[in-house]
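This report concerns only the one structure given below.
Should a chain be cited, it is by its letter among A, B, C and D, assigned in written order, with residues numbered from 1 in that chain.
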């Protein structure tokens, strides 16, 4: 991964030299082990700060809709698919964007690492090609990276950016995944009581900080249904049904738009399982309308279009 | 317990029906003019088009104590606004699956196409929906507790 | 310990639609409970939170004067949820009142001095309170010359029109009412408040000036007043800010380390110049 | 006050006994996180190196709290707590946060009856931090891994036993008449000092709060604010998890005839926080909101109460979705380029 960092820096410097960008959004080292952090580079000499490693977990596309001027962005497969979503929804202009695409082998789930360590604090982490070495005051542990991937990375079939201007390194072979919706099918198989109990348990944890919404690239609305006062659709507190409605509608608003980047789950400070809703919708949209988000910028989003023979078995 | 059973026995489902102005509402009207009998459990909200129905309308109805919700519009191809019901069909295909997925009972949420001429069909749909909701009993999930 | 969050019930005695466009209505409220009325002792410049159950609370400057007994007047501009709900109420209905809150105009400092009041549009409310107060028979003798400059965009947008006519008749008050652009049937002054202030040129000698109005009016009036020689300690403003608790706890109305609800809403220009411009 | 010791198992059974007469709250494990909840047995208590996910503030200032219920014109306040409460296992940073929240809710001009009544009926039993985490910076903010502030009793982990320091009258009262507490021996006092010393050395950085305050005093328009907020997502994680953030909103739930007026946590990071009904917003962007959050903690609160509104607990650092580390922001303020 060290090479990728170098190549990203070079690419960034070159873009500044050639006056192709005013800003590059990438990652730099974070302040904690297992963390990289988004950074905003405005001068070629600052490109030194850019890094690439298995901790570049944020979906940087989130920052794009508000940016003016020529912007460069370091994009993984999922970030690039979010960019496709923006192009589809006319939130950004392709000609103002330079995409530095980086093939991605998956970003390590820091919560998974912490869980393995119990409550031993992590003081430093070193990353190798296959594994990471985690060190604390009185321990050192090797962990295989592939065992630490979150579900969204584990089943990812878009490791390579779908859209880019510069590609860092070689494209990776895409994974073959037998059933990306395995967990969803398992959940669908449970009884309504079980599903309801799980949904209650997850939403009960929520503190309505809106980190999931704000971390999500497609939640770019100027005025969110959550904040509307006239009408106020539902309550703003953590009363259980209000929180549930927040989550149902948040998930519903991702219909045909979620690329399963995992940004919402990573952002959640309370470990709410947001993906079990998003992924369900992804599955249904594929089944019902044969649509997959983040593929073709010119294909309209599924809820803005229709076919005369769309499924209607649910209608009397 | 007896009290509870007594309450259960006298319980009647409350159903909120969002009816499109051009077809289903007119169908309901015709049913009325034709004195066709159907259960009195629905509270009708007239909307310009089934495409006008925001899923938040449905959630709000359920949260505020509706035991069931019906959305009814024009048959495909008959939309006054050409494609409103097609858009609604896609939206509610996803939305109804999502609600069922999180554990809301399948029979709480209903959709139908009823034209302005189908007075008999309207009565049938309402009867069917009312009976399905009645079978489920009073809604408990997603219902906000009232402040005592 | 008195619970500062509990509103007192008050009945709407009278509703007056103040402006032609019906955007502003005045509500005269009287407390249902006599003890609440006695507890509610205020000075011009203070505000109260008015609440409608199911809709919530919003802060309003008190537009009546303490010399007007038996009721509180609030003039409400229809803008958000609570104000819209208020506009939909009728005489006889009940609202909640919590207050008085905030500081007040430094009336004692005005004694034996000239008082100049400059206001625009809908912001006249607490200055009406002040004007009524200092014009009251028991108080008028404590102050020297009183000048009121008040403007609105059109004649129809002026508040308290009957009262303005009454004041017009008084010889112990120098009143200048103006509208932004000439209108049919309008015989008074025409021009923006800052320009009229410049024309009227109230003396800054031994005088305090109070300014309330839309931000743009304030912005252009302050330099005029400074040119007239008013020191910033004698220029007094009342600020609007989103507020909730009204007692300095909920955290949203601060400008720097000052809470508008508790340390304000009345500030001198000198005080404001020490604070960040986040208002 | 006399220093004592108690065997850990004795303390646990004491707490379990007290659940009959008091409401005992302690850190318990819930899923992946540790939260303060009422316990019924000692076994539920989960003490760990990690601090609780949410801070202790919710025990005194819950995220959603009824101010009163109404029916018609009749209002009904929540009944005052009937049982004494004990919060066990509070870290000193959290205990300190209570003394900071006291400035806000138990001020000279106004008292918040909901907060004050909970404070008045609660004994805070803190446990000093023998092994501070790398995100801890309590010593930079005027605290200490063994700070007594805000605690009624401070415990120090000595292995098999706790060293017990009663801090307040209430704390002293808590020990009164309870079995299991023994007078601390000289060697235990010695060992306690060693533990404290060792922990103190391991925490803190080079932040200088006075220096930061003086920069903030002089430079509201510091160009730093233009860029420092850029990666911030504008969510409420930092403020909701913060033990000292106390901003709230008041709203009604219900209809005109029946319902309740509640208050809920709000956040200066949300655009709606300061938005006027007219549409103007005095803090319209991420820049202004981030500046407000930092200035409130490190300047305004200091101006008003002579204290920094941060206890260095590190929750905002650990939980920030984009790793926006408040220590780095403060360093940038302290050492302008």
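Note that in this section a contact is a pair of C-beta atoms (placed from the backbone, for glycine too) under 8 Å apart; a residue touches a chain by one contact, two chains touch by 3 or more.
Worth saying up front: this structure is predicted, and the values here are computed from it rather than measured.
Q: Quick check on the contact graph: shortest path length from chain B to chain D, in steps?
A: The least step count works out to 1.
Q: Of the other chains, whose C-alpha centre is the longest way from the centre of chain A?
A: Centre of mass proxy via C-alpha means gives C as farthest from chain A.
Q: Just give me the whole-number Å value for how far the CA centre of chain B lies from that of chain C.
A: 51
Q: Averaged over CA atoms, how far is the centre of chain C from the centre of chain D? Could you give it in whole Å?
A: It comes to 40 Å between the two C-alpha centres.
Q: Just the number, please: Cα centre separation of chain A and chain D in whole Å.
A: Once rounded, the distance between the two centres reads 32 Å.
Q: How far is the middle of chain A from the middle of chain B, if each middle is the mean of its Cα atoms, in Å?
A: Centre separation, chain A to chain B: 36 Å.
Q: Return the residues of chain C touching two or more other chains; collapse runs of consecutive numbers into ranges.
A: Residues 80 of chain C each touch two or more of the other chains.
Q: I need the residues of chain D touching at least two other chains; which ones are they?
A: Residues 249, 251, 253-254, 259.
Q: What chain pairs are in touch here?
A: Chain pairs that touch: A-B, A-C, A-D, B-D, C-D.
Q: Tell me, which parts of chain A touch chain D in their complex?
A: 30-32, 35-40, 58, 62-63, 111, 115, 119-121, 123, 205, 207-211, 213-215, 227, 235-239, 263, 266-267, 269-271
Q: Residue numbers of chain D touching chain A in their complex, please.
A: 31-33, 48-50, 53-54, 63-64, 131, 133-135, 227, 230-231, 233-237, 240-241, 249, 251, 253, 262, 264-265, 267, 270-272, 317-319, 321-325, 327-328
Q: Provide the residue numbers of chain C that touch chain A in the complex, in ascending order.
A: Per the touch definition, chain C meets chain A at residues 80-81, 84.
Q: In their shared complex, at which residues does chain A touch chain C?
A: 229-230, 232
Q: Any idea which chain A residues touch chain B in the complex?
A: 187-188, 192-199, 225, 233-235, 239, 241-242, 244-245, 248-249, 251-252, 255, 277, 280-281, 284-285, 288-289, 302-306, 308, 310-312, 314-316
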